[in-house]
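There are two complexes below, and they share subunit A, which is joined by subunit B in the first and by subunit C in the second.
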Partner chain A sequence: MTKFDTRIDFYPTNEHQGIKYRRGRVLPFGSTLVPNGVNFSIYSSAATSCTLVLFRKNGATPFAEIPLPDEFRVGNVYAIIVFGLDYENIEYGYRMDGPYDPQNGHRFNKDIILSDPYAKAIGGRDVWRDVTNLDRLYPFRSRLVFDDFDWEEDNPLETPMEDLIIYEIHVRGFTAHQSSGVRHRGTFAAIREKIPYLLDLGINCIELMPIYEFDEYEHSRENPETAELLVNYWGYSTLNFFAPKAGYAATGKYGMAVDELKTLVKELHRNGIEVILDVVFNHTAEGDHRGPTISFKGVDNKTYYMLTPDGYYFNFSGTGNTLNCNHPVVRSMVLDCLRYWASEYHIDGFRFDLASILGRAQDGSPLNNPPLLESLAYDPILAKCKLIAEAWDAGGLYQVGAFPAYGRWAEWNGKYRDTIRKFLKGEKNTVGQLSQCMQGSPEMYICRDTTAGINFITCHDGFTLYDLFAYNSKHNEANGENNQDGNDDNDSWNCGCEGETDDAGVNFLRNKQIKNALAILMLSQGVPMILMGDEMGRTQYGNNNTYCHDNELNWLDWALIEKNSDLFAFARHIINFRRQHPVLRNKEHYRNRDYKNSGYADITFHGTKAWYADWSETNTVFAFMLDGHHAKNGFVQDNTIYVAINMYWDALDFDLPQLSENRKWHVAINTAMAHPDSFYPHNEEPVLNDQHSFIVGARSVVVLVGK
Partner chain B sequence: MEVIIHTKKDIVYITIQGSIDSKTAGDLQARIMEKLADTSKVILNFTSVDFLSSAGLRILLMLYRQLNANGGKVLLVGVSEEICDVMSMTGFINFFELFDTIENAENQLN
Partner chain C sequence: MSFSVKTEIYEKYTELILEGALDSSTAPLFSEEVKKIIPQNPDTLVLNVEKLDFMSSAGLRVLIFAKQKLGTTATLFLVRPQEQLVETLKMTGLIFSVNIVDNYPE
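After this line comes the complex of A and B, so read on.
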């Protein structure tokens, strides 16, 4: 007996060019697999008609175009269910008709096939730098995906923010180098192969540079010197906010990028590692009025972009256009998008590129109470996600310390980066600021927790940690812009010689400075972030803006672990030192008093004399002691930790604060010493012979453990 | 795609030839599901499968879930290196035991 479907809407009502269809459901937007067919839904505030265009996968021309009858429209939303589609083998797009009237914000053109802003996958760049689809009709094609991944018991980890140690990764750069030794270099699957490495290093969160679909060939050009092709390598130029970059998946060519990425997330979670996505909601890949029409521009230009009164594009992102984030419809899209990644991909958190743009009104002015930021902060589905803002934009808005936080948002602490760099190069008048930074910047975040700040000294944008101590100035000639691009204020110091050198003294100092930097980062309250490769001395040869290089400048050379084995061992140690000592990971700020009656305040400040911190302008030393009874704001017992930092050019004798209860000082870390004496494993720290003073070498960090 | 199904003792043997994708997955699912009522042990012979799409992977997982719910088992035989690699990268491999030969799979079930 034939089994009948049980609902009326399982059957088509119309037919066109042999394709059967019926009225669709307006929500959710995008394409959804429904019984017997696919539901398509798209919004446009000003289109006068909408045609669904269907291709077979990689087909040169459409196999069908279905003009949506006007009765399929509800309000400004067109929806249709199409039956009998081979859902794995189709690509779709839309033609939108409407006014071409740029001055009033409209750029409709029904000759262009548009990608669905809500597509869950995009075809066209299925394999990284594959050239086969470069010139085809409708280059970036919307595709359907399965949303029934078997997560088993997995859920986002919800690691307390103060316990995170973030590691910033470029998916391709992490394993593209042949030294990575993985099966499919430069892919999500390869990151999975490197999980043992991440565990060994000790980090518990990876932050992936943009993985939303982008076009690596956007603005590609030849390097005038080498004729090598310069590409959009970093990927800060989104084609679609819901689709993972297929070219980052080894299975992208089979259309399985979604499953591969989900498998990576699941496997990372199984190993206690969270995943944060670097998301770019400030602009799209469509550029300004000279840029291509791919999706948003043709679907509803006026809704999706911030436009000047005469219809041109505001450029607060520095890339041509600005997404109109506080338009109610765009706000909903951003919310839908993040909810999708949090629930469908189990993503643990998001870092928002140029997030200050998300706080601008439709006319570009900064809002006091930006609805988008508020919506995200209070969203029930995102409630446990980490929300991290890059709290500035290219339009001059700088909000570090003042980003609208709603008790939820954290910030990339740009002031931390600048201060630590200045202090490490021996700049005067920095000790007071250093002290603030190492306490979790209470000056800036007094009404928020230490976790309001993501502490970092380096990130993808700028020098690597090695280059910070090997170059006084940027060397961006390879970018083909006459060294005009990239930041000029790097607060770097080459330690006596610009670039690579055989001078053992210079190399020793560089090595020590990297260790000092890593130590300061890991000994600071707040959330530390390490740039991929800094643990092994990765260099970009002085290039501080490597956005366009798909080569060794950006690919992590895994042989550096051998070459800089002492640095790598130190980095591992200092990361794990942070994890072993909860006193370094307080959520709330220090109170500068002894609320546990231990005989010591939670934090005390010292200098070369115990109990006397020198805040004067010329001083370059700083010491502090964290009382173990006040670990985790007094809820956990830890050792007492004393940190002495000497950025003076000569060694100095530091008087030590005395410990109570027969406890003794033990040496855990001393960056002045050559390997293997620069650190001692947990519970094997040697006791100090002299419990009253300690000589801290020139430009060195010493950590003592009191127990 | 060709499917041959036969039963020997309490084991259902499913031999598939060709590609399993969204075009053939529905048919394969229908043919397999009608046999599942009678068994808890399935051996899937993949020796002649040359491509497994997302939809194909999902048929496998459905089969696993169905059998697993009744305490049954599904074993895969002769999976090519490429398909194995794809199953690994997309996580599907974790649900299955793979064997070189029918005989080894039978030994496991017995």
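After this line comes the complex of A and C, so read on.
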């Protein structure tokens, strides 16, 4: 007998169908291993009864159904401890009975077995695209997990946000292609094999597109032109918020996805790389009134969803339903969920999809002081986590620069994306905005610092960086929606030819524009994010909405490193250039003055004439200098850096500001030059013969280092 | 499926010889043997798995338990594990917690 046998809850008090049980504990919610048994706890504001349904793993039918006695209920919470279960081999669910009265928000149906909203693992799709369980009873089943992972000394890294370089990854797409050369393609384990690549590239933070369990066959259909099956590939449709997608684990079929993901986080941390999860609290996979009942809809529809006065589903997400995030009970669930990922998986941060929904009231109206966003901002367990909002939704809210931040939330800076794209196209009247963007958008984030904005030019939504300069319009025919889906305002420019071409001039310009984009991104204050594959010229052939393609259109082709070797070398260099120069990574905004008595203000603006920036409408050149004495807001010494950006169609002569203290200008980067002269390795930058002026080529970026 | 575990205690190490199939029904036997050994604080625990045909995640959890109970100064050896077991250890990352050898002592 173990020492727990003196506890009263070690012993059952009831028995039903051969299963022994007793009253459970209301907290924590979900399923928890306790001495000698499993504690199950679930809440519902309107259920009239609750039955725990037990299956053997992959069993066709339940082996037991235990109605929870009403005396086990505390308030709206049903809790039970069940003894004698084989933890590795059981699956469980619930039947909730109650009113079926959709007009008043109730959709109870005791014939449906429901998944536990708090389940920590889901069984049924243990392998990606497995079709075995498609038609079985209760296809996605709650399972138990163990908390015996050995983290050793691991902890979230707490890397200063201004030092992050974020790389957006789709777990499957990152290594699914044969060229990846990994052992278990498309999995968490495979990402571990690519850690050396990430380190070489200079990445210190990966952002994983949704890894919560989702159904890749949801809304699947045949492409009418090719008959290929289009699937829910991106995964923005959650079945369950606490379970990692089993099909993303090489050990999914052994039920060890939890261990595999934790090992990935541990290994990434060991190599100095943070992990941010893309989380999707704005809607679930249950769709609207026509959609399936899998979990929330049958457990407590009125609580979990924003409903119209006559019981239909508000659709601010564009997917059918909207999670009722500011209902106090749902707020708790979201908080419990994030605390769980932060503490049990050591996750460093979260990016919230369509985050403006999290600021809507239960009737859908925008809130001035959304309790959920406030709770998350001030929560003690999440206190060191990065919180990043995609500060808009599909219902008309656009809150970039105005997201309820409580001094904590960062935003995907959509204005940065739009400005840089317009400037790179050569559009007029963009230099002023460009200047703001490259300074970390101080006018937009006036009471914040540079880390309020995530700077990006591309992400999974929209064109890849290569396609941004290869296509004027989207080409989404392969999505089977008559090219009606996807964004039409791409601010892209095809450099003279739509799509693939042999024209050397067009290809040279495209290559240069990609380098210009990467350079501007890495030279900006704020937190940069790049899309996986942009460093090697990944193309989606003009498709700017590849959400449904589980094929080469989305899978990263690692052979591109060789094919576009000069671009890759440049990308690697410019990322590492940012890492090497703290003057590019201030936390506080520039003060536009010399507070270190160096003789130079922290930032000064120039044009083709030194000390004179041209802000006029027709101007397409911009230059600035960052004084090395003011690096990291004056706490660190660095070289002085001068950046000249010329988006004019011809080369221009730039007068250079003069350096003091016998320092000289060295050329570090020049995107006008062909490889290998577009950059020079760290500490090997050649000194300029002419210290007074420099010819910057047409549509190119030059970076000089003063030392 | 059948399973057996035999313990041999030597001066410098303790060896467990596992044979057959280790799954959730037989894992408790393995777990009991491990729990008997732990109080003796062995520096080295050797698991001879040459004749172990199969280890499910239940068996792996006992391995995790054993490694954690042994502590950071002790070493865990696996003698001649089958390829599938090595693969699973690699996929989950548990491979870092064990030493795989052809013989012990080497």
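Assume the second predicted complex is superposed on the first by the 703 of 707 C-alpha atoms of A that agree within 3 Å, B and C clash if a C-alpha of one lies under 4 Å from a C-alpha of the other, contacts with A are read in each partner's own complex, and residues count from 1 in each chain.
Here is the rule we go by: a residue touches a chain if its C-beta (ideal position, glycine included) is under 8 Å from a C-beta of that chain, and two chains touch if they have at least 3 such contacts.
Note that the coordinates shown come from a computational prediction; the quantities given were computed from them, not determined experimentally.
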{"item": "Superposition on subunit A - do subunit B and subunit C clash or fit", "value": "clash"}
{"item": "Partner chain(s) touched by A:H327 [first = subunit B, second = subunit C, both, neither]", "value": "neither"}
{"item": "Touching partner for A:R172 - first (subunit B), second (subunit C), both, neither", "value": "neither"}
{"item": "Which of subunit B and subunit C A:A189 touches, first, second, both or neither", "value": "both"}
{"item": "Subunit B versus subunit C as contact partner of A:R578, first or second or both or neither", "value": "neither"}
{"item": "First (subunit B), second (subunit C), both or neither touched by A:R421", "value": "neither"}
{"item": "Contacts on subunit A seen with subunit B and repeated with subunit C across the two complexes", "value": "86, 88-89, 146, 148-150, 183-184, 187, 189, 192, 249-251, 254-256, 259-260, 262-263, 266-267"}
{"item": "Residues on subunit A engaged by subunit B in the complex (per definition of touch)", "value": "86-89, 146, 148-150, 183-184, 187-189, 192, 249-251, 254-256, 259-260, 262-263, 266-267"}
{"item": "Footprint of subunit C on subunit A - complex, ascending", "value": "86, 88-89, 146, 148-150, 152, 183-184, 187, 189, 192, 249-251, 254-256, 259-260, 262-264, 266-267"}
{"item": "Contacting residues of subunit C [partner subunit A, same complex]", "value": "24-25, 56-58, 60-61, 64-65, 67-68, 72, 88, 90-94, 97"}
{"item": "Complex contacts: residues of subunit B adjacent to subunit A", "value": "21-23, 53-55, 57-58, 61, 65, 85-86, 88-92, 95"}
